[in-house]
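For reference, the structures are reproduced in the following blocks.
Next come two complexes built around subunit A: one with subunit B, the other with subunit C.
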Partner chain A sequence: MQQPTISNEPSTAIEKIVAFLDARVGLKEIQAKMLNEPIPGGSRWAYVFGSILLFIFGMQALTGILLMFYYVPTADHAYASTQYIIHDVDYGWFLLGYHFWGSSAMVVCVIAHMSQVFLWGAYKPPRELLWLVGLALFGIVIGFGFTGYLLPWDQRAYWATTVGVEMVDKVPLLGDFLARFLKGGPTPGQMTLSRFFVIHVMILPAALMALAGLHLFLFRVAAPAGPFQGTSEEIKAKTDYFFPRQIWKDMVGMAAVFVTICGLAFWEPVVLLEEATPDPGEYHPEPEWYFLFYFQLLRLKVFAGEFGQFMGAVALPVLFMVLLVALPFFDKDPERNIFKRPVALISWIFIMAIIAIFTVSSVINREFLD
Partner chain B sequence: MANERDPMSPTKIGLGVLWPTCWTGLPIKLAFAVLAFALGWMELEGRLGLAFLMLLGSPVTIFAVPLIAVTLEGHFGEGIGLPLLFLLSIPIDIWAFGIVGKTYFLERFRKEPPDGLGFRLWWKSAVAGAFFLPVLWYVVSLVTETAVSTSHSLSQMESLRQLFHTGLPIAERIGLEVTIWGTVSFMVLILLLTIGISWIGRIIRDMASVAQPLSDNYQALITRWDLMRVPSDQGLFMTAVAGVGVVLCVLFWVALPITTPHPHECCQKEEAKAEPPFKPIEVLTRTEQEMAQIEALVLAVEQSQEPGKDATENGKGKGAEKVESRKPEGSPAVTKQ
Partner chain C sequence: MLQPKLKSKVRCTDRDIGEVTKVILDPLSHEISHLVVSMNGSGERQVLMTHVQEVMDDLVALRVPSSDIVALPPFKRDDYVTTHEVEISHLEDNLDVVPGEILVPFPDLEKDVKRRTFFMNFTHVIAFLIGLPIAYPILRFLMKPMYAPFDNDWIAVGNVSKIKHDDVGTQFQYNKKVKEAYMPESEVEKSVWILKASPEVLEKFYEDKDQDFRDASGRLIWTNKKEFPYIAFSGKCPHLGCAFKWRQHKTLGQVFLCPCHLSIYDATGKILDGPAPRALDALPIRVSASGEVEIIDMEFKAGVKNQVRII
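Moving on, here comes the complex of A and B:
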């Protein structure tokens, strides 16, 4: 008697294309590796930050490309072309608003993600490299904010960049070279704009893509860090794979962030000040809101004078970054529960309190300046 | 047999249910909030963070917010979008409470979730919020006001003036004041929030105390709450979600203004005045009338200039009258030549 045979041959066009690609690049193996990652303790909302950051970056790239169709990176036309985007291009105001608030969302999510890793002790061995690459990504995100701020070429952009470059100038040895390289002249002008534009749209995106890829690779090698609640039996019972539960949570998280940024673009759309001039007039230079705390900190008397300025503008942030870089190497304690690491908990609360207090102080300080 | 775990504190229970409930419903509510923005149905009074918190906490703020707005003159925003959003959040919050509550009962209490758990948790939390949140609002506002004035007085103290020759510098003074009143307000807020969450936790614990204990092992419980979150017809669910998403996107796109609703003063556009519609028959008739008038005028001028005809005084006077009466407005005074 003849046995019925089940054919594995692809029948539809899509199946044939998939089979063609699979035979050449191992598509199914890649798919299995990407989606079948076990998550001990099950999927969690707390794990969505990495995916959300990738999503925000993708949207920033998309809106940035659309804005570049109209933006002219010259000192003569940057301001006018930005105004053109806001006032004449269909939905241009919304695209610019989304791009503007997307950058803030990226900074907020990076800080939330870093806080999470710090509080959960996820920087500890064997995840030191993951932490270091994450710090480099944090630097790139801040770089995006700094370079993108100049591009509209209004008073706010011009003076925030002037103050920022002056701070770079105070770095010993390299400061003078870096400041001259960024400015490209005695005062911010066409060369500054060109250099900031190239850094913003070419160098930083390339660096971010490379490092984000490395970050993901290291994450897959090291596996999720937890924290996993419950006994080992309970954790095993709840374990599932990246697909579909975690992907679903990631998608909901991305949708929530997307609508939040859309809401912000509506609630507070981008409105430019006057065109950039070397005369600030009555305008008081101020950086983007996430740098306000630092700006206010530098107004303290202790950071006045040549030495004080060096301490505030250079020594303090460099020391902070060195501490973060060295953290996984001097914190050898395997304990990861934050309530059993009082120094880490108090340090985090202290830093967050400083950020909150000085941001509010900076807003109040405006009244005295006005 | 899965035994009930060690008794948990009411604060832990309250936080364990309220926190995921708020986040479960928030993405859906946010989509409607953005749509209300786009349609111009909602204006927030510069307190986006507060509105966000209200929306996040709508399981407990639903009755409290109107009470605060009426009795304590708390102003959150304007527009029909705000009450609509709160009404819309009721079924969303009941659903979110249901799904989170059932999970919590199975996994943490290891008890059979009672029927209608979502609705019962929602109305009890909403009523508790209606009593507690106005008190919290009033106390925190009062404490903050007092702390601000006290910190201001402290920073003006004579001893501080002497410490710094010209008084405390502005940046330091502001920082000191914010630290003092911010710490006091934050501590009071956290204390009151803990009491409120603990109250909700007690309500949940009371409900759990009368629920039936479960005899399933842990794996079976996990499988049960896990399956509870998976829709029975996944294809239908995905289609419904995608359909709602597409409708919301289209509505948003239609409502989105093409040009900025906040134009810069440099780029204010003049209001375009519509030109009157061109009616060829009317224009032709009017032109013909004008031509006839001009023709008559020219004729009259020619007649008045013919020799012999204007010699008589009477004739001259009549001719002049006629020309004057026919002269179109703005035409040169030919009769005076």
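Moving on, here comes the complex of A and C:
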């Protein structure tokens, strides 16, 4: 095996710079530590989603910062400045489209990442904290989607926010306060836009960077869980380091996600609706596609009436998150093989089926509305 | 677990063969798997821990003769990385291969500090005292625009000549002036649904009672008289605040239907189907002699059984 530490005298300018830095900050040791992490049972395609999420976040930060060069977060200019980005700024349509579809990719990859951890039983002791921080990151990603959706200030944005905040209003006791706090008033307006903007571009990115750092730290402390079956000899025989095989797989995954997002930005460019106003005209409000299943769920009769609405808009998502938080604490069975955990497997299939069925039915429902 | 020390002598069943120069660790189990034995100048050998019989203070006794060790292939350093170059968590937890402890002298000034816990807690108190006086200002700062007084002015929305049929929902769009905090005054488009009700629908809607509108202090603002044929509904769906429409429904006939979550109301605003918790919200309405309609623009909290006015 090649030694990461090179004892040869530096000859080229770059080698001299590297040697200079290495002598002062231990660059090579840091690099070696980053790359040489044993992955029990070897690299796998199933493990790529964490790295991909980091990549997507980096690209969202880059495109988001660029969009802020033109975007103005005021009720009288947000729409016009977004239209300017799309129609007038060179490649504005592309960067905005990338940012828009990147958010969808983020949600998809978060679900894939969580599913992988769940199916592999990797949330089990001693990785409970890793799982909890992951859930907080999931919440942040949803928060990014919700706050970012308002910023273009078109009808789609306005109505998604109106309905979303009405749902927050259904929280017992604190609901009215929380909804007004988010909106900065009784109805969505300039204050709402300012608040969502600050949350989207300052608070959530800071929270995500801090928690993603903690997530990685906890991951390194706990070490990768590895495969859910196989004897320790088999696992040991297949073990390799993070570099190069896993990094190669991660890079392929990132490239595939990049190409997909670029393709969507190109062939499905962002088209704004009319400027936001409390009269939707002929527009039928709908949330972003990944919330369609939930949108359709709220149409069910069981979620009718004041109590039903509390159940649908507050109790159901809160209960789901509480279950996920509690998961590593009540599921203490060390068995990680998903094929020997029937309840876990059936629950996962059930949730995915609900999401798929209700998403499809909401799409079918569309044609009955016109 | 056997914890051989570096520099320990290594003794085979027949004689001493050298000393321990390195230990090799299993990265997954964190157990020592091999010793590396330097044989007094004749190279290094990698010895399985299963060959070790006993570990004493500065001596490792093997259970094999020296000829077995000499016969092993030479140790290949290039097959390994040091623990500084690899990320293995909790490596040190159950490992003690360092010859003795590495110590750093405690500074003289620190030796006399007795109340370390007190000082630790004191920093927490100071931090709390810094946080306390800014918490309330921050909260008030963020709460500033949350509550606004209600606007009970009449707004002209159009002429009743727009209504062609009785008991049919007709949408009136109007512009409302809003002045939000520091922003210049602007107009937002809103809409209200107005019905010219037949006597039966009027009867069903009012149930023989006039409809009073009061402000927060209970003062009467306006009364919709039960014999007055025009009814205005706020354009906001009482379910989750979307905007409903007047639509032909396959089985229910002409209805108010919200395209969001499919709440359906009849011409009097009563729920026919869907998840809504209460009927549509009627607004104060008056019509001038020339047919100009005016309303008071009110909005009510969605998703609750009782009307709670928010605008």
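Keep in mind that, in the parts below, the second predicted complex is superposed on the first by the 351 of 370 C-alpha atoms of A that agree within 3 Å, B and C clash if a C-alpha of one lies under 4 Å from a C-alpha of the other, contacts with A are read in each partner's own complex, and residues count from 1 in each chain.
The rule is short, and it goes like this: a contact is a pair of C-beta atoms (placed from the backbone, for glycine too) under 8 Å apart; a residue touches a chain by one contact, two chains touch by 3 or more.
What you see is a predicted model, and the numbers here were worked out from it, not measured in a lab.
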Touched partner set for A:Leu300, first subunit B, second subunit C, both or neither: both
Per-residue contact with subunit A, leading partner among subunit C and subunit B: C
Touched partner set for A:Pro285, first subunit B, second subunit C, both or neither: second
Which superposed partner A:Trp93 touches (first subunit B, second subunit C, both, neither): first
Contacts of A:Met191 with subunit B and subunit C, given as first, second, both or neither: second
Subunit B versus subunit C as contact partner of A:Phe181, first or second or both or neither: second
Touched partner set for A:Gly308, first subunit B, second subunit C, both or neither: second
Intersection of subunit A interface sets (partners subunit B, subunit C): 299-301, 365
Sites on subunit A touched by subunit C in the complex: 1, 3-5, 29, 32-34, 36-38, 40, 74-76, 159, 162-163, 166-167, 169-170, 176-177, 180-181, 183-187, 189-191, 220-223, 232, 235-236, 239, 241-242, 277-280, 284-286, 295, 298-301, 303-306, 308-309, 312-313, 365, 369
Subunit A-facing residues of subunit C, complex: 26-29, 78-81, 84-90, 142-143, 145-148, 173, 178, 180-181, 183-184, 186, 188-191, 235-236, 239-243, 259-262, 274-277, 299, 301-305, 310-311
Subunit B residues within the subunit A interface of the complex: 20, 23, 26-27, 30-31, 33-34, 37-38, 44, 48, 164, 169-172, 174-175, 178-179, 182, 218-219, 222, 252, 256-264, 266-267, 269
Touching residues on subunit A, where the partner in the complex is subunit B: 45, 83, 86-88, 90-94, 233-234, 237-238, 252-253, 255-256, 259-260, 262-264, 266-269, 271-272, 296, 299-301, 356-358, 360-361, 364-365, 368
